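Reviewing the structure listed below.
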Amino acid sequence: MTASPLRLGEIAERFGLALRGDADAVIDGVATLAEAGPGRIGFLANPRYRSQLADARAAAVVLREADADAWSGAALIAADPYVAFARIATLFERIPAAVPGVHASAVVAPGARVDPGASIGPLCVIEDGAVVEAGAVLGPHCVIGPGCTIGAQSRLVARVTLVQDVTLGRRVLIHPGAVLGADGFGLAFDRDHWIKVPQLGGVRIGDDCEIGANTTIDRGALGDTVLAEDVRLDNQIQVAHNVVIGAHTALAGCAAVAGSASIGRYCLIGGGAGILGHLSIADRVTVTAMSLVTHSIREPGEYSSGTPIQPNRDWRRNAARFKHLDELARRVGAVEKESKS
Amino acid sequence: MTASPLRLGEIAERFGLALRGDADAVIDGVATLAEAGPGRIGFLANPRYRSQLADARAAAVVLREADADAWSGAALIAADPYVAFARIATLFERIPAAVPGVHASAVVAPGARVDPGASIGPLCVIEDGAVVEAGAVLGPHCVIGPGCTIGAQSRLVARVTLVQDVTLGRRVLIHPGAVLGADGFGLAFDRDHWIKVPQLGGVRIGDDCEIGANTTIDRGALGDTVLAEDVRLDNQIQVAHNVVIGAHTALAGCAAVAGSASIGRYCLIGGGAGILGHLSIADRVTVTAMSLVTHSIREPGEYSSGTPIQPNRDWRRNAARFKHLDELARRVGAVEKESKS
Amino acid sequence: MTASPLRLGEIAERFGLALRGDADAVIDGVATLAEAGPGRIGFLANPRYRSQLADARAAAVVLREADADAWSGAALIAADPYVAFARIATLFERIPAAVPGVHASAVVAPGARVDPGASIGPLCVIEDGAVVEAGAVLGPHCVIGPGCTIGAQSRLVARVTLVQDVTLGRRVLIHPGAVLGADGFGLAFDRDHWIKVPQLGGVRIGDDCEIGANTTIDRGALGDTVLAEDVRLDNQIQVAHNVVIGAHTALAGCAAVAGSASIGRYCLIGGGAGILGHLSIADRVTVTAMSLVTHSIREPGEYSSGTPIQPNRDWRRNAARFKHLDELARRVGAVEKESKS
């Protein structure tokens, strides 16, 4: 980390944290509690790890008031130490500087509109009818198709493709390999072969969304695929046509949402989880990793499917029994009847 | 939608549909039945939604003869309204015009052969020994490696990579981020480390296939990986080396097929489903979402694995029991024996 | 295959294999035992397929001493025929020649350091502070961000993106669409919305690793994401921030490893398998396809989860019973009690 060092007092002040210890201590980075040494701020978010404070060598620790007695060094007291730490860590991020203007190697169509305050990286392609607003940053190798708009202060890290009719809000962050606005998977079966159903809708991404590497979000068939504000998608996620995802919902890596499904606000969808098409999921629903949602979920809460991991030999025996579970249940019913008679 | 408006009578005639109502009505787009307003054609494919006709405001509705009495407005009568609608919708697609020729920023090797009627977009790379046939369209950022052939009228939307020895038929459509012809995952274990097994085969894609965004299809180890005609792959699908997929089969998003598996014709593979290597699946097999196929399937029909989604508290109890299901079954057997004695 | 033909004797000598038959036989390629004809070497790795030797027409067969009696033609005797075949096959690979130097269309920042013996393909972008060592080959469309190092003799086939602070060892092979060093999925929940946790770590990839098409490996949050030497990742794999994977471990397609999980040496992770965050997996653990690892695994061996594939009608009945498995087990307990009383 090569960002400029800061005084501990400045950091406390900037984020409104109570400081205990030397305000003039020089801080040049952040680290985990176990690894933070001189000049580094560590943090204790989970009281379970309180005992780690005994061996900590951090220049300062971000922690809760309730944990402050377990640490004799410099401290920043926070109601939510993880949130405070996340804020402090931004001071030490090295995001490559983006120079406003269009790189000489980029290909910008005459009918595209790029704000002079936007930054278009090497070998980007901006097609006719695309709009890039002020402060937006496109890293190398982005492709922005017709009818797409990149909202102000949004950042496409590198090699992001917006195919057609994709509208990004402000401060949207998209990682490399993501593809937004490709055709949805629309097929009609005509006697003995498929015909393609034209995909005519777009994609709308709200403010402050983050979209992971190699994630795909298809355009709507008719109408749009929509992510409300502050939706967070990890890597390798598939969002099919006409899906709607509510504000502040987060999906972990490799999750997949089939066509026209609707997910509420403040949901947490685990890694590799699947949601079938045309379902509706209420607000504040958690789906655990690799579960498959096969019907709409009306109530908030945590939902799961699957079976536990076991040594293969045990699993084989149990799995073989699963194939006859209905029969087993009937046999139990029969025995019950008999034992009652 | 900005395509030119059409008269309703023209549309009926073009697709051989019976028209009821004003042939001169001007149509400028399509929409869902719920959203179609003036100038827009809606459709009723599923008789279950017949009641929606009461509130419909569409300029015309595509529907079955049997549903025509429930709608008093203009109608196009079709044996299969969804197929008819898909055809009509193509009239209102806005596919960016492709100008024949090679964009000035593309890098075409001297040993590549590009038909003058093909269109090569900005920043494409066409390597020695690649062939692009007439009417093929390559959007921006495509990479076509040695030994690859793009059949006539095929379209690579943007940023598609064909690594080596990939042959596309005619009218193949490939979405951004797809990678065809990368090395298969071939490893031999040599005492204490892996050695790579060279991947020497290619990929052959039949006419009229569609391949989704960020989907990967590996080249064969020896011999080719093959998709017959009219195979439809959604996004984020993995097709390993030497897989063979029969004509008219469709795979939904995130499905994965391991090496040398063979899938029949007219199969439907659900989202996130997995097929182990060296298996064979008969024609007309449906595999439901996120199922894992662990043995060959000889009979047509629908196949599934997994457990249903439940509230986590209930699921935990049931999952814990699954770990001892074999023992439970033995206990049932013992009780049966006892109750019979 | 157009590599130069070789004499069988030369091949035997190069790889230290015992030769039976005509040392002057001309070999121009390799093939499966079933397909190998004149000029081609086939192999028999699995004694189960011994009977195929009866119909084989290969110019020579690589096989075990113990199988040699079942084949009367020319043979190369190997302790491990698959390993020997893999080595022989490399003679017939056609890897596009890489000319040292930087392609005229590549964009190399002044602050990047590219060894004169490295090859930088068309339309690559090498950013300030990146290092490319001798003999490294970057195919077209690679993006190498700040703080990244490509070790000697490594090969990025095409369109590989290293975002930031990614260090590759020597002889690393990466297939198209892979993204290394993108931000991990770090979020802190601040009352009613997410804030991003800055991702400040890097990625370290050991010597001789292979990384598949469209695979993603995120940078660490604090500290690095690490693959030891000879780790083999298939396509479409997700490796989250701060994951550590031990030497000689292989992951099949679509596997996913959540944040801070640690996988041992010589593990085999099946296709589509998932590993939850912060878990630890011992050396020599095999996880079967599409299993979900929900707790740390301390003992070597094979582990599984899931249920077997069945005809959907049967599966539905069994799955419905799974929802009440705990209750069923209690009923069995009650019957047992009764029958004993």
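Some notes on this structure:
Each chain carries a letter (A, B and C) given by its place in the written order, and its residues are counted from 1.
Here is the rule we use: a contact is a pair of C-beta atoms (placed from the backbone, for glycine too) under 8 Å apart; a residue touches a chain by one contact, two chains touch by 3 or more.
Keep in mind that what you see is a predicted model, and the values were worked out from it rather than measured.
Shared residue numbers account for under half of those found at the interface formed by chain B and chain C, and the copies are therefore classed as meeting with different residues. To overlay chain A on chain B by their CA atoms, one rotates by 120 degrees, a value rounded to a multiple of 5. As a whole-number value, the distance joining the C-alpha centres of chain B and chain C reads 26 Å.
Counting partners per residue, chain B has 123, 141, 159, 177, 214, 236, 254, 272, 290, 306-308, 310, 320, 322, 324-325, 328, 332, 335, 339 as the residues that reach two or more other chains. The touching residues of chain A, counted against chain C in their complex, run 1, 29-32, 35, 80, 82-83, 85-87, 89-90, 92-94, 96, 103, 105, 121-123, 139-141, 157-159, 173, 175-177, 208, 210, 212-214, 230, 232, 234-236, 248, 250, 252-254, 271-272, 289-290, 306-313, 315-316, 319-320, 322-326, 328-329, 332, 335-336, 339. If you check the complex, the residues on chain B that touch chain C are 107, 123, 125, 127-128, 141, 143, 145-146, 159, 161, 163-164, 177, 179, 182-183, 185-190, 192-198, 200, 214, 216, 218, 222-223, 236, 238, 240, 254, 256, 258, 272, 274, 276, 286-288, 290-295, 297, 301-308, 310, 314, 317-318, 320-322, 324-325, 328, 331-332, 334-335, 338-339.
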